[in-house]
Amino acid sequence: GEKKEKKATTETAVLEGTIKVDGSSTVFPITEAVAEEFRTAQPNVKVTIGVSGTGGGFKKFSRGETNLSNASRPIKDKEKAACAENNINYLELEVAYDGLAVLINPENDWVDNFTVEELKKIWEPAAQGVIMKWNQIRPEWPNEEIHLFGPGVASGTYDYFTEAIVGKSGSSRGDFTASEDDHVLVQGIAGDKYSLGFFGLAYYAENKDKLTLIGVNNGEEVVKPTLETVSNGTYRPLSRPLFIYVNSTSVKSAEVVEFVNFYIDNAAELAEDVGYIPLPSELYTKQKENFKAFVESNK
Amino acid sequence: MEITMTKVKDKKSIDLDKVEQQSSTDGAKIAIKDVKVWYGDFMAIKGIDMNIKPNTVTAFIGPSGCGKSTFLRLFNRMNDYVDGFKMEGKIKLNGTNIYKKKVNVEELRKEVGMVFQKPNPFPKSIFENVAYGLKIQGIKDKKFINERVEKALKQADLWDEVKDNLKKSALALSGGQQQRLCIARTLAVEPSIILMDEPTSALDPISTAKIEDLIFELKEKYTIVIVTHNMQQASRISDYTAFFYLGELIEFDKTKTIFTNPEKQQTENYITGRFG
Amino acid sequence: MEITMTKVKDKKSIDLDKVEQQSSTDGAKIAIKDVKVWYGDFMAIKGIDMNIKPNTVTAFIGPSGCGKSTFLRLFNRMNDYVDGFKMEGKIKLNGTNIYKKKVNVEELRKEVGMVFQKPNPFPKSIFENVAYGLKIQGIKDKKFINERVEKALKQADLWDEVKDNLKKSALALSGGQQQRLCIARTLAVEPSIILMDEPTSALDPISTAKIEDLIFELKEKYTIVIVTHNMQQASRISDYTAFFYLGELIEFDKTKTIFTNPEKQQTENYITGRFG
Amino acid sequence: MRKIKELVIEKSLLSSALVTIAVTFGIISVLAIEAFRFFSEVSIFDFFTDTQWTPLFTDKHYGILPLLSGTLLTSFIAISVALPVGLTISIYLSEYAPRSFRKTIKPLLELLAAVPTVVYGFFALIVVTPFLQQFIPGLSGFNSLSAGIVMGIMIIPFVSSISEDALHAVPKDLKEASYGMGATKLQTAFKVVVPAASSGIIVSIILAISRAIGETMIVAIAAGQQPRLTLDPTVPVETITAFIVQVSLGDVQHGSIEYRTIFAAGITLFVFTFLLNTLSYRIRKKYQEKYE
Amino acid sequence: MNSIQKNRLKDQLFKIWGIACTLFGLVLLTVFIGDILIDGIRRIDWAFITDLPSRKAEKSGIYTALMGSIWILILTTIISFPIGVAAGVYLEEYSKKNRLSALLEINISNLAGVPSIIYGLLGLEVFVRIMSLGASVLAGALTLSLLILPIIIVATREAIKAVPKSIRDASYALGASKWQTIWNQVLPASGGGILTGVILALSRAVGETAPLIVVGALAYVPFAPSNPMDEFSVLPIQIFNWISRPQHGFIENAAAAIIILLLITFVMNGIAVYFRNKWQKKWK
């Protein structure tokens, strides 16, 4: 298709090919938005995006099955080792910030905020089969069964939350509704008065009318995650950066390079569009430089 | 006017409607007046008049498909459930038109029993088969039922063969025994008319002979109408014979006359086996 | 030894096996020797010997289920596909045992045609029905096929009624016409024997008479074996009659003898309609 | 020549038929091999006695009971809906309804079984649950009640069609014998026809149960995804099938324990349905012989 | 009231209850379809059919899923039809009553009752992994082919069984071989019935979700497959994906896609019923 006329806005040729992305469901909306906009620029490049969770994504990434991996936490040592084993070199690119939202049903009128300790008490492994009722958290809360919803174990969100709250990544009780699909969580919480759950802020942004966002007491004050509190770091400990990872073999193909550049160029706008917090603009410039160097070194 | 129920214990025939009776033909048990039957668009019975006398055996003969079964089954309204069935004309039982709106069909069928071509015992015990008709009526009296069952089995000439095995499944009986059981089952509700549709055509010669003897005995008390494809059988057991062809009653007369001196050529052709 | 194929164009009977022929009984077209048939465990034919003469009509009579059809269908091995079918004994056609391993069954069936109880035309045109047997053999010659179809339809006395409508569906014909079509279809492959299993039992008197006439004509050229439940028919059209009962051949003789002076009591009982 | 052609044709047809054996063999060996690997890591005793199912978490428990209870609970609710309704329909259609009505209604009812299950899932989640929440205040957004009810509606035709076929197959002369003695349709239906068709009816029920146990999308969408050992129909549960879907939606890498859990769950499901299917086949064979 | 009148009354009451039950399912189906129509019909336009998936509900269409479904349908037909019909013919016309035929019979009856998700597991291990087809259209179609194979076989057998024996007898009696009889008489005569069964089986395949999820069909595939090795999505998975999104826009999309999916299944069922009626008439 290179005979077709060039687009006025870009200097690149019309490209073809397939780009496979998998990984974090938190990052999915950003990548989805980027892919969708990219379609207008490069209609013949096919981008497929899976949502296996950050961990699941890295597994595929380390086997060389995907070009890009969405991640809501940095790569772990174990995953690094897996990549090394398969001779996969990669570059980490930060694309946006996110806050982990703690949510309840709008009909829930007794909760105003949680302390980090309370969240730990609810979610730690020892709570399994023990902390079953609301009034076990604060005695004045109702004597009703508590229904918990959270992302599945392959998700970066789960890793991040358990790390930040329980203290050990991947360690939590097992008797809650765990889904890689955050929409399931939204629905579960929205349909159940005695529910409690957590997931990426963006999914709250899309469902403000169905869910109530709860502030977290970080020891000094009660903070709710917002654009401001996340980017300035006061929403502790539940805010974090989001990443995409790209591997060295992929940047040999022009369409991947084009796509990643497009991604970085548009991340700020699109991230905000789908409910995330953009990085400061100088950070994006830096990412772009890093990427350029990475591409050069892998020519 | 409704056919009122007779107490089950004392056998009586359906109440006669005095007025209508006067117009019915010389004491006929069943009087058929200009009856036509359709199945959908197909006309199966094309206008038949006939009077059947009480305590006689009347045989219906004719080639396959001529409407014998259809006609027979009019007498206890067994065609009612057939899809597309439509009928015109009158059939009077003891002077009462059984196709009147108000007639209670279940009542009628107790009065007019039926025995079918293939023995069709229920997959239950011998006793349950014979008692079925009584239980259906809501009769609970054990002793009464026992008596009735015994009596019916005796009448059907089966009692001696089964009296020690009343609990045995009816399906374990031989074909001939099954057919006699079906007759017993019919007799147990004490009808006054018994319709039989080729009752021996699935049986061996010995069973056939037994049933023919039985019919001969039953004639004393019951009015019997029998469809048969075996002309020798018709000539042996019946008093009157009706020959049907393509939905029409070609000839109806004393059996002797039909077999020795039929009026119509068609009848003769059939009797002598020119077709069928 | 195999039944060798005869050229289709000149009708010939199956080659005789010289040696076996000598032992076969006085020029019988079909010689049956101690034949027994089982369906699973049930013994349907209990050891029958019989010789059928060429260019005669032989009728099989007997009550339902006695094995007439089973026996008839042995002659063209139509029972072969029946589940649980097992047979013992010999059946020689022109001296050749047709139950030998090497016998080509398709070939045999061209030699021994068959007409069934219910007319069973294929759901195709009249022409296609008659031409079917030829096309099956791989014959493509249009002219030849046309001639054969015409000839067969003429022989079956149907040509005049259908010659202008050969493309019409065979299912649109009347029952009698359909049955004659089935006969024509059989004749088209030029067999030497024709088996008929109650060919008129589903037909009206006029069609029946037509087919009986036809059988009479065909006898000149063909050997015909016919099963019938109509004893008058047997006596009208057959030269020989065989009476079967419960899988046994009770009596086999000239038709006249069977109907006027049977040897066995059972035969007489049946002929006179004591049962069946 | 012709003989050879016939033989070649027969053999190739036979090999097509043998594909089905290969499929069964494939299913059993795939499930068995992976399940065997699973049970080399997990004790089979724990599998059947542990009351928790948390194979994806750090504190791993491999007790199938919560998934089983979820499966049986939703199936039980479904059968409680489908059985009375389906049976009544079958009796009505075979004994009462005019033929023309029966002929139009039967394909329409079968349409109920033709609707893709994902659509029923939508129905259960978006329509039935909110509707039931008006009457049952404590009803969770995901629950076994509405999933079970909707599944019951879906399997009505399984019960009604097969039962109706069985009722219909009862020889007409048996019914006529009963009518001939003055029985009403209802009496004939319950005293003669239903008993005579009982094996067919039982087959229909077993097949419906088997179908309910194996049903996936309705429960995956509407019953929740939380393994929970409970008989409470108002709270979220997870069925065996829903668990397989849940895991499949993420990445399942061959050789991982997650991969094996779905096969272990799968073989449990397979064994259940296999037993039910075999039972129904046996019964069906028996009654077919009776009437043939 | 005597016992006969009582019995009659019971009879009437049961009749009413029977009608109520019969209509229960249908009324629910109607309510439900009505509900979906209200939710979704406004969303359906040409763009909805031709649009690629998007993060915005209003811009999102079913193009890729629809194409995926069509690919699946075609490949599944090509694979399952010949095998299924051949197996049906074998079982009905050739197999003798022996161990093998008994085994085949019970085996097929069992396969018909195996939950669809188990076929998914089979496909995952055999097609996706061992045969390395990946989560491709071909792997999906193979999986669904195995799933509907028993249905096609059973339907073929039923149709063949309905061909009167007399037709076969007539053909054999004229010297036709077995295969000639099957090819010239049995198959043409049972064609309508076989077709009915195949269409019904395919309509089942079009609606299947679970096995394809297990095999790995993707939620976000913004292009239609162009060859059998491409990744794909299908309508039911697209619906599943949309249902699980809570925004009302996507629920509307799901309803609209359901309308399309139902339309496809109902049309297929309608065609099947039409063939069945036409074919049944022929043999009455």
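Think of it as A, B, C, D and E in the order they're written, each chain with its own count starting at 1.
FYI, contacts are C-beta pairs under 8 Å (C-beta built on N, C-alpha and C of every residue); 3 or more make two chains touch, one makes a residue touch a chain.
Here is each chain with its UniProt name: B, C = Phosphate transport system ATP-binding protein; D = Phosphate transport system permease protein; E = Phosphate transport system permease protein PstA.
Every value quoted in this text rests on a predicted model; they were computed, and no experiment measured them.
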item: Chain D and chain A - chains in contact with each; value: E
item: Given chain C and chain D, the chains that contact each of them; value: B, E
item: Pair with more cross-chain C-beta pairs in contact, given C-E and D-E; value: D-E
item: Greatest separation from chain E - chain, by CA centre; value: B
item: Chain A and chain E, separation of their C-alpha mean positions in angstrom; value: 38
item: Distance from chain E to chain B - Cα centre to Cα centre, in angstrom; value: 51
item: Distance between chain centroids, defined by C-alpha means - chain B, chain D (Å); value: 48
item: Numbers and ranges of chain E residues touching at least 2 other chains; value: 7-8, 177-178, 244
item: Chain B, residues touching no fewer than two other chains; value: 106-107, 136-137
item: Residues of chain D whose C-beta touches two or more other chains; value: 2, 125, 184, 187, 249
item: Pairwise chain contacts under the document criterion; value: A-D, A-E, B-C, B-D, B-E, C-E, D-E
item: Residues of chain E touching chain C in the complex; value: 96-97, 164, 166-167, 169-178, 180, 184-185, 188-189, 282
item: Residue numbers on chain B that touch chain E, as the complex places them; value: 5, 104, 106-107, 136-138
item: Contact set on chain E toward chain A in their complex; value: 52, 54-55, 218-223, 231, 244-247
item: Chain D-facing residues of chain B, complex; value: 76, 78, 81, 83, 106-110, 113-114, 116-118, 120-123, 132-133, 136-137, 182, 185-186, 189
item: Touching residues (chain side chain D, partner chain A) in the complex; value: 52, 54, 56-61, 125, 129, 133, 138, 140-142, 224-228, 235-236, 246, 249-251, 253
